[in-house]
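Below is one structure, written out as structure tokens; the observations come after it.
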Amino acid sequence: MSTYYEKLEIVGVSSKSYEDAIQNAVHEAKNRFSELRWFEVVEFRGGITDDESIQYQIVLKIAAKKGN
Amino acid sequence: MSTYYEKLEIVGVSSKSYEDAIQNAVHEAKNRFSELRWFEVVEFRGGITDDESIQYQIVLKIAAKKGN
Amino acid sequence: MSTYYEKLEIVGVSSKSYEDAIQNAVHEAKNRFSELRWFEVVEFRGGITDDESIQYQIVLKIAAKKGN
Amino acid sequence: MSTYYEKLEIVGVSSKSYEDAIQNAVHEAKNRFSELRWFEVVEFRGGITDDESIQYQIVLKIAAKKGN
Amino acid sequence: MSTYYEKLEIVGVSSKSYEDAIQNAVHEAKNRFSELRWFEVVEFRGGITDDESIQYQIVLKIAAKKGN
Amino acid sequence: MSTYYEKLEIVGVSSKSYEDAIQNAVHEAKNRFSELRWFEVVEFRGGITDDESIQYQIVLKIAAKKGN
Amino acid sequence: MSTYYEKLEIVGVSSKSYEDAIQNAVHEAKNRFSELRWFEVVEFRGGITDDESIQYQIVLKIAAKKGN
Amino acid sequence: MSTYYEKLEIVGVSSKSYEDAIQNAVHEAKNRFSELRWFEVVEFRGGITDDESIQYQIVLKIAAKKGN
Amino acid sequence: MSTYYEKLEIVGVSSKSYEDAIQNAVHEAKNRFSELRWFEVVEFRGGITDDESIQYQIVLKIAAKKGN
Amino acid sequence: MSTYYEKLEIVGVSSKSYEDAIQNAVHEAKNRFSELRWFEVVEFRGGITDDESIQYQIVLKIAAKKGN
Amino acid sequence: MSTYYEKLEIVGVSSKSYEDAIQNAVHEAKNRFSELRWFEVVEFRGGITDDESIQYQIVLKIAAKKGN
Amino acid sequence: MSTYYEKLEIVGVSSKSYEDAIQNAVHEAKNRFSELRWFEVVEFRGGITDDESIQYQIVLKIAAKKGN
């Protein structure tokens, strides 16, 4: 059996930082998928509220090991 | 719990228009996933039949809200 | 009902060739998904061991027909 | 004096089609800028409401002639 | 003999829609090449006239089957 | 009247972090434009001083709602 | 007279490997064009049959010397 | 107050060279904006007249320092 | 009959400048195709000889008007 | 003598943040190269351990002044 | 001391296959650099001789571990 | 022994033209590396002084033959 991964595109958000948005996204993904191994950041975005506070939004491709 | 989305890449087709191909793809995706929120068009393609009629083909990344 | 596909990003590996890595990835995907129709290669990578042997790593977008 | 253009990135929306979203964006831009000459589509996106209706969103780079 | 295609980059225009611009481009290409099979949209552009009407311009890569 | 946005490309800097550079850029943009709604990060760069300290530089596309 | 090349986009296929698909495409192109000099691979794709066998598809830009 | 720039996309033309087209574009931009600091070339294009003479067209992103 | 263009990818060279390489390429293309209208530069490259002189190489997409 | 730079692609890691990964990479590069002036971030990636902690990985192009 | 890599862009060739071109490139790089760990393929190209034989050319980014 | 090249990313500048910036960069590189064979232009940029004069900046990937 050969090594095999599946990659999922996910979006996480945080009011603190992109690192925190990544941790939030990985934490949610861990509840839904097992054996997460690495990620690549696809996109950095953000929302701006009327009082100038920022919501950091991150899009990741996250890879999970699959197979036996 | 933080906001969290998963994005899926899907393909829809139509003999009428790209907008119709999008609606077909979103309709099929709605039967399979819940809480669809937005999409980004990745690719516009098409097939050409011998009588010159066109099949419009659209590739979307579609985002679904996940988590509680 | 209109034609509808979903595309999944997967990673396969082989010590022999990229074609073998593709076959490994498609074989694993066939165990998990049905009606696979085509793929696009997204990325060619590789690992290098201390004795200079190479592990070929391929990232594919693979499309499965869905719907009725 | 040489020919000179400035390009602005704008976003238009429509519930009908991308062509309608383009017309809306160009119409708004005409109220704010003069001598618009051409545009390039940068991005096709969309929003999805709970009843499955779609808001077509288009991002354009639009060019205006400037100078005497 | 193996399957073999050539791809040509063409530009079509329409005052109505991008789908109409595609049909115009495919129709012209059919007068000049045989066995057209599929296309990929490379670029969506447009011209803007002084009375705000729009000329939709589409750039396609169109594939023709060649060989015996 | 349809929804309409204009996007501006801006550059912010900080000696602390990219998030701080974003906040600086958004703060300056708020002094000059109203109704800022979202941004996309276009580029992450940095300057390096002789004592190895780093100036984080961020390029954003920032979107402002326009029209009545 | 200066050196001058024209580049054509072509598609070749093989059930064996991408190298074989390239040889098939170059062989077909040689029947139709003279003085082929180099190529660049634009895209690696593949078809998947029901019995899991793979058709390797390659898209090349191939350059031919033209002029006297 | 932090350092802050705005970038504008502009188009210049010349019948002589791309460098001349850049100088024309920068000269026009200087009449309209202050404190221009750097530019990045986005696109090199050209028009061809019936007598084979060429109009060089350049698209630049040009950065202006803003703020106090 | 609608407006219709075909685009060809060509390569020109010069020992003097990129503008000269473009003129050489356009001149050769004029001998082979009619109604050339515009071009886009795809790639700037160069060869380096042993005595440090440079051969400027330019890759263009050039558009010709076709149809009656 | 004209100004001249060389750019090197380097990878840094940190368990804390991307800014820390950049500082680590720049610190290592300073031990090996002199007159570092600026960098551009090429890629943001990360590793995920079994206990959900994240290793931030950054790929930079870093520029060093060379010549007399 | 943190983990740190440097990436080098290299070109290998083979008359047999891209995998053989990769092995040739890695073998040459091993003679010149130590602790090579992984590579990413940047470009697949090829030369065509008059008798239709092909020289496979591969461009890799190859990563070497550096530091203590 | 197989043919093998290494590519280096370098930056040259000139107050005259991009071709002059290329010659400056190649001249500096020749002082530091041997057997330079070709280059690809990666980026065209420029600095703008207060009196509107321009410093042309070019980023090249330059390839050197290595090995016996």
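The letters A, B, C, D, E, F, G, H, I, J, K and L name the chains in turn, as written, and every chain counts its residues from 1.
Definition applied: a contact is a pair of C-beta atoms (placed from the backbone, for glycine too) under 8 Å apart; a residue touches a chain by one contact, two chains touch by 3 or more.
The structure presented is a predicted model; accordingly, all values stated were derived computationally and were not measured.
**Student:** Would you identify the chain whose Cα-based centre sits farthest away from the centre of subunit G?
**Tutor:** The most distant chain relative to subunit G turns out to be F.
**Student:** Between subunit C and subunit I, how many degrees of rotation does a Cα superposition need? Round to steps of 5.
**Tutor:** 120
**Student:** Using Cα averages as centroids, what's the distance between subunit H and subunit I in whole Å?
**Tutor:** That pair's centroid distance is 22 Å.
**Student:** Using mean C-alpha positions as chain centres, tell me how far subunit K is from subunit L in Å, no decimals.
**Tutor:** Spacing between the chain centres: roughly 22 Å.
**Student:** What whole-number Å value describes the gap between the mean CA coordinates of subunit F and subunit K?
**Tutor:** 38
**Student:** Which subunit C residues sit where two or more other chains touch them?
**Tutor:** Counting only residues that touch two or more other chains, subunit C contributes 8-9, 17-18, 27.
**Student:** Taking the top-of-page definition of touch, could you list the pairs of chains it picks out?
**Tutor:** Pairs of chains that touch one another: A-B, A-C, A-F, A-J, B-C, B-D, B-E, C-G, C-K, D-E, D-F, D-H, E-G, E-I, F-H, F-J, G-I, G-K, H-I, H-L, I-L, J-K, J-L, K-L.
**Student:** Using the touch rule from the top, collect the residues of subunit H that touch subunit F in their complex.
**Tutor:** Those residues of subunit H that touch subunit F are 1-9, 61, 63, 66-67.
**Student:** With touch defined as at the start, can you tell me which subunit I residues reach subunit G in the complex?
**Tutor:** Listed in rising order, the residues are 8-14, 24-25, 27-29, 31-32, 59.
**Student:** Under the definition above, what is the set of subunit H residues touching subunit L in their complex?
**Tutor:** On the subunit H side, the touching residues are 17-19, 22-23, 26-27, 30, 36-41, 62.
**Student:** If you look only at subunit E, which of its residues touch subunit D in the complex?
**Tutor:** 16-18, 43-48, 52, 54, 56
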